[in-house]
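Each structure below appears as C-alpha cells.
Note that subunit A is present in both complexes that follow, paired respectively with subunit B and with subunit C.
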Partner chain A sequence: MNEIDFLNWVRGPGFQIAVIIFVAGIIIRLVEILMLGRKPNLAEAKGSAMRSGLRTIFSRSIPEKSTFKRSTFVIVTGFIFHIGLLITIFFFTPHILLFKDVSGLSWPALPTPIVDAVTVVTIIALFLVLAHRMSNTVLRFLTNYEDILVWLVTILPLITGYFAFHRVGATAPTLLALHILSVELLLVLFPFTKLMHAFTIVLARWYNGAISGYRGVQS
Partner chain B sequence: MSASLEKGINVLKEQVDSTVAAFFSSCVHCGMCTDACLFYTETGDPSKTPILKAEPLRRIWKSEYTLSGRIAKLFGLGKKVDEKLLTDWETLVYDSCTLCGRCSMVCPVGNDITLLIRKTREGMAAAGHAPEGLIAATKRSVTIGSPMGVKLPALQAQIRHVEKDTGLTIPVDVEGADYMLLLSSMEIMHFPEFIGAVAKIFNKAGVTWTLSSEAFEATNSGIQIGVSDIAAELVQRTVDAAEKLKVKTVISPECGHAYMAIRWDGPNLVGKSFNFKVRHILEVLDELRQQGRLKTSSMDTQKLTYHDPCQISRRGGVINEPRNLIGMFAENFVEMSDRGKMNWCCGAGGGVSSNERADEIRLKVFQRKKDQLDEIKPDAIISACSNCRLHLEEGLEEYGMDIPLLSLTEILAEHLED
Partner chain C sequence: MTDIPEGKDETLGDVLRQRGISRRSFLKFCATTASMMALPPSMIPTIAHALERAKKPSVIWLSFQECTGCTESLTRAHSVTIENLIFDSISLDYHHTLQAASGHAAEEARMAAMEENYGKYLLVVDGSIPLGNPGYSTIAGISNYDMLMETAKGAAAIISVGTCAAYGGIPHAKPNPTGAVSVGEIIKDKPIINVPGCPPIPVVITGVLTHFLTFGTIPELDHIGRPKVFYGQSIHDRCYRRTFYDKGQFAETFDDEGARKGWCLYKLGCKGPTTYNACATTKWNNGTSFPIESGHPCLGCSEPEFWDGGGFYKALSMPTEDISKTVIYTAAGAVAAGVAIGAIQKGRKNSAVASHSKTTIDDLEK
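And then the complex of A and B:
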C-alpha cells in the first residue's frame, strides 16, 4: 500500500467504519442509560425539578467562587483545552467543508492563523493537564490507564493536524492520512470511554439539578 | 461466593437506575470532588476522594449494565466486587463520608456523588459491612423505637420537667391537632428545652399541636446505615401515628437526617404519597412569621452566625427560612464564608456520630469548621440540628474554643414578645 492508497483508505472505508462505530456506540450507550429509568418521586415537591434541571445543565459550567479557589488549575486548564478543542474542531475551514459535505450544514470559519495559534495553546494546555495529573497526589491516585489513553487519543489529532498543516516530518498525503487516522481512533474509542461525558454530561447535570431543585435548592 | 456477599451484590444491582448510569458515565476523574470534601481537605489523604467511595456500585454498574462491561465479564475480565473490596471500602463509605452533599454541588459534570455513596451503603449493609455502632443503633430503633434506646417513660419524665419549668401543657395524643411534632432522641435526652421552646412559640401563635406516644422518634437509622426496608418500617410508624391522630402536618425537629428521612425519602420508602404534609420546624416557624403570628420583643446584640446542617440546607432545601427567623432578633448576624448550599459539614452527620470507630477522624475534620469560625470569630453559633450541635460543642472543646451553641427554635422562643 503506497501513501495515496493509505490516504484513500482512511478517507473512505476507514472513516465510514469509524463514524458508524461512533454513532452506533453513542446511541447504544445513551439507550442503555435511559432504559434503566427512574422511579417517580412521591414526596411533595418544594421547587421545580424541570426548571432547576435545565438551569443546572448550563450553570454547572461556571464554578462557584470557593470551588474556583480550591481547584483553580483544573478549572483553568480545563476551560482552555475544551474551548481549544471546540475551536480547532468546528471553526477550521477544511473541517467546516467536511461537515458541509456530510451534513449540508455550514457556518463561518475563524481565520486560519487564529486556529493555528489555538491549536498550539490547546496542545500546551493538554500537556499541562497531563503533568498535573502525574504530579498531583490526588490525581495520580485517581488516574487509571483509561485516563492516559483518553488523553493520548485527544491530543493526537491536534498534533497530527498541526504537523499536517505545517507539512513537517513527512509528505503531505502521509501527514493528512495520519491526522485522519488519529481522529478515527478518537471516534472509535469515544463511546466506550470517559470521552462519552461530552454527551452524558447533559443527563448528569439534568438529574443533579432536578433532584436538588425538587427539594427547593438550585444546584 | 458467600450468601451475604451475594445479597450485597444483588442489592447493589437494585440501586442502579438511569441517574447512577449517567453519573458514572460522566466522571472524568478531574478530582474536583476531592477538593470539596472535608475528609480530604483536612487529612490530605487521596483515598478519601468522594467518587471513589462509590467504587463497589460503579463496578456493578459497569459489569452488569454496560455493553462493554458485559463483554468483558464474558471473558472473565473487568473488576469484581468481592469480600476484600467491601472490607476495604467500609471505612471510606461509613467513617469518611457524612453524606453532606458538598461534592454533588461541585462536580463539574453534575454527578450527585452523595447519592452514589448513599446507594453504595445499601449494598455494604446488605453484605454485612456496616459499622457496629450503626448496626446497634439500628437494632435499637427497630426494637425499642429509638437509636439511643429512649422509651416512652423517659419522654414522659422529660415532659413533666418541661411542663413544670414552663407552666405550659405539652399535648400528647391529641386527635385532630394541626401539627404533630417529632423529636430526636438527642433532643429528648440532651436538649429537652427544645420541647419547651416549641410549646411556648405555638402557645403564643395559637397553634394546635401534639406529640404521639406511639411515634415520637424522628431519627431514622435505616437511612444512615443504608437499609431501606428498615428505613421504611420506621417511616411507617410515623405515618400510622399521623393518620391515627388525623393531623394536617408532621413537623420534623432540629435534626438533619430526620428531615431527609421523613420529608424526602419517606414517601418513596413506603411507596406512597402521604396524606399529610411534612415540614421542618424552621419552615413552620417561618410560615408563622410570615403570617405575623410571631413577634419578637428583644434583640440580641451578640455576633451570631448560623451553621447550616447539611441535610436541612443543601440536601433539604431549608436555607432562607432560618435566616428570615434570625433576622427577627439578631442585630449582628455574620455569615460564614461558605454557607447555605455550600456550607461545610460539622463532620458528624450521615451516621458518623453513631460510629465510634470514626471518633478520631470526625474530630480531625472538624478543623474545617474551626477555620471557618476563626475567620469571623462569632460570640455564639446558631444551628438547627442536635447532632451538629453536640458535635460542634465537642469539636470546639477539643480545639480549645469557647463559643456557645444555640438552637434556633430555643433562642427564638427566648426573644418572643411576652
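And then the complex of A and C:
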C-alpha cells in the first residue's frame, strides 16, 4: 500500500467504518438511556420541570463563584481547550467542506491563521490539563487508563492536523492520511468512553434542572 | 531517430553541430539543465563535456496499455529545442508509434538493437501491463508481459514514462478490469526510474535522459522511484496561489469573484497539496503556464491511484464515499437496535425489581 492508497482508504472505507461506529454507538447509547427513564414523581409539582431543565443545560456552563475560586486553573484551561476544539473542528475551511459534503450545511470559516493559532493554544491547554492531573496527588489517584486514552485521542487530531497543515515531518499525503486516521480513532472510541459526555451532558443537566424545577427550588 | 542510420558512432556533440546548434546555446542548455537538476554551476563544464562526447545510446521504447499521450507530450510539446534534439540524438531503435516499420520488420529492429547493445541499451516504457489475460494487449502477437520481460533482460536501466507505466495509472483504476500493473511490480532486478505524470512534463523526460547521458547513472530517486530533482517538491509548496490558501481565500466556483482574483482552488478539488511534480516551476508549453495557472485545480496525475481519489472536483478534505447515506442508514438501524437493546435492559431492570427481596437484620445475623 502506497501513501496515496492509504490516503484514499482513510478518506473512503476507513471514514465510512468510523462514521458507522460513531453514529450507531451514540444513538444506541442515547436511546438506551432515554428508555430506562425515571420513576414517576408522585409528589405535586411546585414548578416547571421543563423550564428549569432547559435553563440548567446552559446555566451550568457558567461556573459558580466559589467553585471558580477553588479550581480556577482547571476551569480556565478546560474552557480554553473546549472552545479551542470547537473552533478548530467547526471553523476551519477544509472541515466545513467535509460537513457540507455530509450534511449539505455550510457556514463561514474563520481565517486560517486564526485557526492555526487556536490549534497551538488548544494543544498547550491540553498538555497543561494533563500536567495538572498528574501532579495533583488526588487527581492522579483518580486517573485510570481510560482518562489517558481519551486525552490521547483528543490531542492526536490536533497535533497531526497541525503537522499536516504545516507539512513537516513526512510527505504531505502521509501527514494528511495520519490526521484523518486520528480523527477516525476518535470517532470510533467516542461512544464507548467518557467522550460520550459531549452528548450525555445535555441529558444530565436537563435531569438535574428538571428535578429541582419540579420541586420548586433553584438548580 | 531511425532515419539517421549512419549515426550510430557519432557523438551527441557531432549531431548538435550538424544541426547548427551554436556552442553558446548548447552551454546555455547545459546551464539550465544543471540548475534544473539542482547541480552547482561548477558542474556545467562537466555536463557539456560528457554530453558532447556521449555516444548515441540505443533506446528501445515499448508502449503497452497507454493512450500515446506520453509520446505526444514529448514530441509535440513545442517547437524545436535542444531538449528535442537531445531526444533526437539518441538512437531510438524501436518505438512502434514513431517508427516507419511495422509488424515483423519492427520486431526485427527491436531484436537487432537488443542483440547489438545487450546490457547497454535504455528501455523506456509507457503504459501498464495487463496481467488478467495476455490477450488484452498484444504487439505483433506478443503479449505485453512477454515483450517486457524479454526486452528488460538486456537493459541497462528502465525509464517508466507516465503514470501508467510507473504506477498502473488509469488502466489500474478501480475496478482494474485488465489486472493492469506497473513495470516496477513485475521487474525487480533492474534500476527503474519512474517519470510519472499524465502525461509527464517533456523537460522532465529529457532531463532524466540527460542525466543518464551525462553521468551514466540514474538520478537520486524518492521513495516511489521518482527523480528527486523533479519530484522533490509538491505543487502546493511551489504554487503561486499559496498565499491565498494560507490566508483562507478560496474560489468557490470556476467563475466567481475569487476565481477571477486568482484565489486558491482547494475548494474546487485541487490535489496540489498531496502531489509531487515540477509543473509549478517547470511549467508546460515552453514554460507558458500550468493547470492551476489557467484556473483549473491540480488532478494529482503524478501520484499513484490518482484516479481513485473520489473525483477531481472533490476537495481533499471531503470523504470519497457518500457519507450522508451512510449516516441515514446507520441512524435508522441504530434507533431500531437501540429500542431493542433498551427493551431488554428495561426487562432486566423490571425483573431485578420484581425479584428484589428485603434483607432484615435477622437475615444478616444468621
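Observations on the structure shown:
In this section, the second predicted complex is superposed on the first by the 219 of 219 C-alpha atoms of A that agree within 3 Å, B and C clash if a C-alpha of one lies under 4 Å from a C-alpha of the other, contacts with A are read in each partner's own complex, and residues count from 1 in each chain.
In this section, contacts are C-beta pairs under 8 Å (C-beta built on N, C-alpha and C of every residue); 3 or more make two chains touch, one makes a residue touch a chain.
Given the structure is predicted, the values throughout are model-derived calculations rather than measurements.
When both complexes are overlaid on subunit A, subunit B and subunit C end up sitting side by side without clashing.
Legend: residue contacts after superposition of the two complexes on their common chain; A:112 is shown touching subunit C, with no touch to subunit B. Partner contacting the larger number of subunit A residues, of subunit B and subunit C: B.
By the touch criterion defined above, A:28 lies against subunit B and subunit C together after alignment on the C-alpha atoms of chain A.
Once the two complexes are overlaid on the shared chain, A:159 sits clear of subunit B and of subunit C alike. For the three-chain arrangement built by superposition, the Cα-centre angle with subunit A at its corner and subunit B and subunit C at its ends equals 170°, in steps of 10. Once the two complexes are overlaid on the shared chain, A:128 sits clear of subunit B and of subunit C alike. After overlaying the two complexes on the shared chain, residue contacts for A:36 are found with subunit B and with subunit C alike. Once you line the two complexes up on chain A, you'll see the smallest CA to CA distance from subunit B to subunit C is 5 Å. Counting contacts by the rule stated earlier, residues 28-29, 32, 34-36 of subunit A appear in both its interface with subunit B and its interface with subunit C. The touching residues of subunit A, counted against subunit C in their complex, run 2-5, 7-8, 11-13, 15-16, 19-20, 23-32, 34-36, 93-95, 97-98, 101-104, 109-113, 167, 171-173, 176. Residues of subunit C that touch subunit A in their complex: 167, 223-224, 234, 236-237, 245-248, 250, 266-267, 273-274, 276, 300, 303-306, 308-310, 314-321, 323-324, 326-327, 330-331, 333-335, 337-339, 341-343, 345-346, 349. Within the complex, the subunit A residues that touch subunit B are 28-29, 32-39, 41-44, 46-47, 56-57, 60-61, 63-64, 66-67, 70-71, 74-75, 78, 136-144, 147, 192, 194, 196-197, 200-201, 203-209, 211-212, 215-219.
Of all residues in subunit B, only 16-23, 25-32, 34-36, 40-41, 44, 46-47, 49, 52, 65-68, 104-112, 115, 263-268, 271-274, 277-278, 313-319, 337-338, 341-342 touch subunit A in the complex they form.
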